[in-house]
Amino acid sequence: MGEQTRQDQASPEVRERIRASFERQGLMAHLGARITHIAPGRVHIVLPSRPELTQQHGYFHAGATSAIADTAGGYAAYTLFPDNTEVLTVEYKINLLAPATGDHLEAVGTVLKSGRTLTVCQLEVFGVGSERRTLVANGQQTLIRVARPER
Amino acid sequence: MGEQTRQDQASPEVRERIRASFERQGLMAHLGARITHIAPGRVHIVLPSRPELTQQHGYFHAGATSAIADTAGGYAAYTLFPDNTEVLTVEYKINLLAPATGDHLEAVGTVLKSGRTLTVCQLEVFGVGSERRTLVANGQQTLIRVARPER
Amino acid sequence: MGEQTRQDQASPEVRERIRASFERQGLMAHLGARITHIAPGRVHIVLPSRPELTQQHGYFHAGATSAIADTAGGYAAYTLFPDNTEVLTVEYKINLLAPATGDHLEAVGTVLKSGRTLTVCQLEVFGVGSERRTLVANGQQTLIRVARPER
Amino acid sequence: MGEQTRQDQASPEVRERIRASFERQGLMAHLGARITHIAPGRVHIVLPSRPELTQQHGYFHAGATSAIADTAGGYAAYTLFPDNTEVLTVEYKINLLAPATGDHLEAVGTVLKSGRTLTVCQLEVFGVGSERRTLVANGQQTLIRVARPER
């Protein structure tokens, strides 16, 4: 992430809003995922390898891969939404391109098209080891902006 | 499940093969999921509600919903495969139709078309409470049969 | 279609609205497609075989299969919309399960979930010959309801 | 296309094989589509505007948009296949991002991952007018390589 400068980052308000939302996600903590980058229209999430995340052959389970991909896309969309709104995933499609291995996975969600109601994101997940970074999953996601309920 | 008779079940050999594979999935145990029904071309997986599975509004996270949907479809395909083969998810698409709430989720994977190389499954996830059962997600999945590696 | 009674049909107003919209679709006429059934939440479209619809092996082209599947789903959603609204396809996913052959294709669009803004449909396409009817494609589609522009 | 040099093109043999296959597709001729670029892992298809391609509001029909997207992806995969093989679409998913308007559409299929059995492509469709080029659809496609049947 060293090549990313401060200008690549979303505003402190947006980053704070997203980090606060992320921390309310029980699943992300349970999996061990963390947000590592929040830029306008782009969010990165990292998930370190552990036995609790495997499928039957010892690779990362597609459910873990998908969970961080979906979350990265959702927050990428959310960086472009106004205050007092929420983001919900409408649907996504994901291709599992290669066995998901590595020291950690890195999911990158990127906004392709941001509309008033619907946003479409590209989802990429990389398996990252000491010597290589492999695209292990690629997907496309549709999200909807909704008004935040009164509290 | 009371309405399902013994004839609905896959053979003991197939059920044993699938339960053994399921138990090797670290993620399913970590989430708290269990297989509740294994029929030819159809598998059910149940996931009880717990705070470790939530998204930011307290519902089941789409990643948890998807993880059991993908797994149910994968094993539904696997019930129809010969011995000495393995199943891999090629891709899936899932629509999140309603907030995923309830005492537990139940994912149902059903084979739509079983080919020599590729299998296509329907994925359904229900939110189940004491008084109702709501379809919360619906999807479609492509799987590939591969030869089991020699050990 | 003999087993379908008059009660299966949408109201005359809805059927008229949909037939009028269908007739404005240049592509449907160019392909030779026609609407054969309009029920609440379900629409059938038939496409007779002709050389102008083939891919390189002489089967129906996936583009023709998809075009009638998308249209059947769109109008299935539209049967449930109020007057003064329009329907737009947000996205769809389709699996091509078998070579699309037969005297004609029949696409069936069925509403799975109808919401205020978004509707989700199941898409099925059958290849129909004198002696059999084969599921050749299966898909899932998301649609959005928009206000009809003033004229 | 002016920026593309001869080196961007596939070999004459591959281009000939793809053009011959394209010409056997009745649907592409019926729609008025033509292949404009064949590079290793990338194919462009152009579809000029005409009333026979419209949906009910006068835009390009999603079926036309999808037909050229699917075809561009299929031939992009095929550029990387050995002789004596064929390509079949397993499935695709497409988001319709904006009204498809313009003097013509241009579909670009690009291979994301080429495997021995399966290939995954990105699909993009642009609406092109005298002054702008807009991304109107974006998708993802899975294809399978099969042996060419003996003749």
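The chains carry the letters A, B, C and D, assigned in the order they are written, with residues numbered from 1 in each.
FYI, contacts are C-beta pairs under 8 Å (C-beta built on N, C-alpha and C of every residue); 3 or more make two chains touch, one makes a residue touch a chain.
Note that the structure is a prediction, hence the values are computed from the model and not measured.
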item: Topological distance between chain B and chain D, in contact steps; value: 1
item: Most remote chain, CA-based centroid, reference being chain C; value: A
item: Between chain A and chain D, centroid-to-centroid distance (C-alpha), Å; value: 30
item: Centre-to-centre distance between chain D and chain C (centres being mean Cα positions), rounded to whole Å; value: 23
item: Computed distance of Cα centres, chain C from chain A, in Å; value: 34
item: Contacts with two or more other chains, residues of chain B listed in rising order; value: 90-91, 93, 95, 120, 142
item: Complex interface listing, chain A residues touching chain B; value: 21-22, 24-31, 50-57, 61-64, 66-68, 70-71, 86, 88-96
item: Complex contacts: residues of chain B adjacent to chain C; value: 93, 95, 97-98, 112-113, 120, 122, 135, 138-140, 142
item: Residues of chain D that touch chain B when the two form their complex; value: 90-91, 93, 117-118, 120, 142, 144
